[in-house]
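In order of appearance the chains are A, B and C, and numbering begins at 1 in each one.
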Amino acid sequence: MFSTWRALSPRARREALEAYLALTPWIIGFLIFTVFPIGASIYLGFTQWTIVEPPEWIGLDNYVRMFTRDPLFWQALKVTGLFVLISLPLKLILGLMLALLLNLKIPGMNLYRTVFYIPAVISGVAVSLMWMWLLQPDTGVVNTLLSYIGVKGPNWFWDRHWALPSVAIMSAWKVGGSAIIYLAGLQNISAHLYEAAEIDGANPWHRFWKITLPLLTPTIFFQLIIELIDSFKVFTEAFVITQGGPLKSTYFYMLYFYEEAFQNFNMGYASALALLLTSIILATTVFINYTSKRWVYYES
Amino acid sequence: MNRETEITFKESAAAAARTARRADLGHSARQWLGYAAAYGFMTVLALLFMIPLLWMFSTSLKSRQEIFAWPPDWIPTSPQWFNYASAFEKYPLARFMLNSAFLVIANTIGELISVPLIAFAFARLRFPGKRILFVLMLSTMMLPGQIKLIPLFSMFSRLKMIGTYWPLILPSFFGNPFFIFLMVQYIRTIPRELDEAARMDGASTWTILYRIILPLSRPAITVLVVFTFLWTWNDFLQPLIYLSSFDSYPISVGLAFFQGRYSVEWNLFMAATLISIIPVLVLYFFAQRHLIGGISSLGLKG
Amino acid sequence: MMQRVSTRWIALLVLVALILPNVITLAQDNVVTIEWWTVNSEEYSEEAQRGLAAQFEATHPNIRVNVTVLPESGFDERMTTTLGAGEGAPDVAFFWNTNWYPQALDLTPYIEADPDLGPETYFENFWLTRAVWQDKIVGLPLGVGANFVMYNKAVFDEAGVEYPTADWTTDDYLEMAAALADPDQRRWGGDRPRGPFRAIWRNYGAFPYSDDSTTVDGFLNSDASVAAYTWLWDLVASGATPTPADLEILGTEGTGPIDLFLAGRLAMATLNQGHMLNAIDAGVEFGIVPEPQVEGNERYVNAWSLTASIWSGTQHPDEAYEFLSYWVGPEGQRYLMENGNLFPSIPEVLAEYENAETDYAQAFFSVLEYRQVAEWTNAHPCNSTVLRAAVDAWDLINLGEIERDQVEATLDGLVEPSQAALDECVARLGG
């Protein structure tokens, strides 16, 4: 790093110094709020710690156990991976579609935007109860509506094949939150571009593919990373509604982590689980970041 | 705002007027049809999204026996409006919400001070180690929050901050990686010619940030404010861990008191939940017009 | 413009920081402050507990009690965090999770020196399951609670079914449930257990693994265990019990389907004394019987009391004991009974309950005499880990995915993963 520094011109040095100055708050925060806890988790990942007694060093045993003799770990990983594959595209596409709708310049849009934001606002037990009620197999609103069109609805949360999609639907319903971020991203696309395209005779479909989508890629990239992290960390729905069932079909990684950490007091193993999850997400992010050069268009 | 942008602004206004006129002449019938279709579709969709709220509202007005009666009623036979009064009587909800509001304001201030500065450095300035630092910044979002609980608690405990609001406020002054990332992506889409033109005029880095980039980032700043409000308002675990006095609890912790050991008074719980989300929705209702703006209204050639 | 605004914000922030509530109070030299953490619940409200602390302070001028009332749903996380950090834990609190016991102060010397309080003060079986752990006294038991079956008299009368009696059996339960169910009204006869290896499993004589924590084979899949799971299969197949979907939606947070019972849609439900008070408030006519027995076997109850303890890291153990013995002693429990809904764990004080002579109170008191499910589970900390590994049998039966004659084979198939989970857990906890 220092050799790079010497190679810099005085102007570039000045710019770099200004950057470090601007980054100071984050660097301090990183050292205090992240390095210390991560360091602690890395250490604890090599120990057996029941919380109430001092940690005991066991080397790599937690990791060995994870990969060689823990069927629950593999189940949790499988379920979570599957959830990411279902939920990620669903949320990305629905969020964008909703944002495009909410970006229409028509009167009364304020109200619509607020309505679609509601699901993102309500959290906790009330929402879980509401979803169980909506998706109740015999009497729930959803299956009642389906029966009107002659479809026999599934058992949703109470079916080993449908429980995972049910959780995905539940999280997709909160898409109003990510629509806001798309909406903000849409504001950075110059009206001139649309105008020019319109003069050239491009139809709305073309304008979407040729202008909106490419210029929105920085926002899509952001959403992709954020939703990826969120999907890997899915927890609350399973914790409150399914407790991982039926037949461990919603046994998410974070649920396993939580049970180990706060119910079985197996904090050493839980730390190892957390670090492994972090590594998986990080590796995926680095990969996406690497491909981003091909599909993300920045202004400069 | 400098002269150059002012000119382009006028230009774009003229362009918008042109578009509008053209629309009036040629496409008005088609446009009206489009409006009607959009409204129809959005209304149906909105109703679907509203179901939970309506259901919660209906539950909040029922008596305890009626909630689980069969067949269920959407409209309570005799609405129990006093459920709302009972919810307020049972716990000091107003006090809880005031505490939450304080936390929201403090966190918003913290994020507004730190985030634009950090994001600007990542998005616009060149410096050695940028890529590594950026990935490190992203990686902090990936570690599950619960794993940090015990080490952070130890730290705040040694700083004698347990029982105060500091552990809930201080981190925001060091920048939340989510918002930093959001701002970075946003700033990267703002044309660089703007900064370069300003630099030619002798503007310093900070002037560019606060006079050019920030005003154009209004939609992103709005997202920051809206989300900070929402997350602080709903955060349960952290206030639970760090606060000790009943009078200092935020609404998220306050709502949890409605769940008893043996049963939940669903009607009161729903009433309290509904009351608690009103401030979040009101803020959003008024903030969302700031989501619109930024470059698109300036009409710069990209 | 932005710059001016941010200076104003900083000024505002400094101002706000200055008025932040300052919780550090300067203690007077001779007064000791005790940190007490508790929860707010139907049995003891926030108000009643503050009253209790105030009364204690009035009679003990050298001790101040700082009360922290936490929501029930967050108490565990907070305790675990502070115990894990090894600092900031309260002097006196509930140690209701057996995993916390190693950090509870051993009360043996205090109990031996205390002329007013001892094992004989409390219900013997609650003392044994909730105060004694290994060779330590880890706390004192506050209050008593138990599961029992509540039946709705109106529904029984309407269906023309005779009320159950205390000596009823698991077969009676199946029969009555079938007779009481009425699909047209969406009314069910009786609920299903909320997990395996609770009272009914014990009544069949079933345990998930051997008493010395070495073997699963021959226990999880024993004849007794197969009989209990088959009983569940019969109940599910009868259609007289709510589906898992209905129970979860209407079962109010896993504590029991009280709301369904109150609405008259569930004729018999496994509930507890807290629900009993809900039913009295709602004016529902009901009776209480213990969970059904299996003839020839010893009878068990799923009962509990909350262990109240002193943290081993306390700076003021003597004062903490002063307060603990007041709170969980006769005076404190009487106060909480009279100012709330606590059922004291002290027989003499419980006898003072204002409605002690009623049928329901007598029925409730009588189940407290049975052997407790917790006796075994508290002494076998790997119980939950093994049950998690064996949960598929429970799920398959509840979802109706296996035939009656497949129950045994299913349990046989779960022996291996359960044994692995047991071995891992035992190795971790050091035997």
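By definition in this document, a contact is a pair of C-beta atoms (placed from the backbone, for glycine too) under 8 Å apart; a residue touches a chain by one contact, two chains touch by 3 or more.
Just so we're clear, the structure is a prediction, and the values are computed from it rather than from any experiment.
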Sort the other chains by how far their Cα centres are from that of chain B and give me the top one.
-> C
Sort out for me whether B-C or A-B is joined by the greater number of C-beta contact pairs.
-> A-B
Where the CA atoms of chain A average out and where those of chain C average out, how many Å apart are those spots?
-> 36
With chain centres taken as the means of their Cα atoms, state the distance from chain A to chain B in Å.
-> 16
CA centroids of chain B and chain C: separation to the nearest Å works out as 39
Can you list the chain C residues in contact with two or more other chains?
-> 77, 84, 186, 253
Per-residue multi-chain contacts in chain A, two or more chains = 125, 129, 133, 139, 262, 267
Residues within chain B bordering two or more other chains = 113, 150-151, 236, 259, 264, 266
Contact set on chain B toward chain A in their complex | 12, 15-16, 19, 35, 38-39, 41-42, 45-46, 49-53, 55-56, 72, 113-114, 117-118, 120-122, 125-130, 133, 135-144, 146-148, 150-152, 155, 171, 173-175, 178, 180-182, 185-186, 188-192, 205, 219-220, 222-223, 226-227, 230, 234, 236, 255, 259, 264, 266, 269-270, 273, 277, 280-281, 284-285, 288-289, 291-302
Okay, in this complex, where on chain C does chain A touch?
-> 76-77, 80, 83-84, 99-103, 186, 243-246, 248-249, 253, 384-385, 388-389, 391-392, 395-396, 398-399, 417, 420, 424-425, 428-429
Within their complex, chain B touches chain C through residues 64-65, 67-70, 102, 105-106, 109-110, 112-113, 149-151, 153-154, 157-158, 160, 162-166, 210-211, 214-215, 236-237, 240-241, 244-248, 253, 256-257, 259-264, 266
Which positions of chain A touch chain B when the two form their complex?
-> 1, 4-5, 8, 12, 15-16, 18-20, 22-23, 25-26, 28-30, 32-34, 36-38, 40-41, 101, 104, 106, 110, 112-127, 129-130, 133-134, 139, 141, 173, 176-177, 180-181, 183-193, 195, 198, 215, 218-219, 221-222, 225-226, 229, 232-233, 254, 257-258, 261-262, 267, 270-271, 274, 277-278, 281-282, 285-286, 289, 298-300
Using the touch definition up top, name the residues of chain A that touch chain C in the complex.
-> 48, 50-53, 65, 69, 71-72, 125, 129, 132-133, 136-139, 155-160, 241, 245-248, 259, 262-267
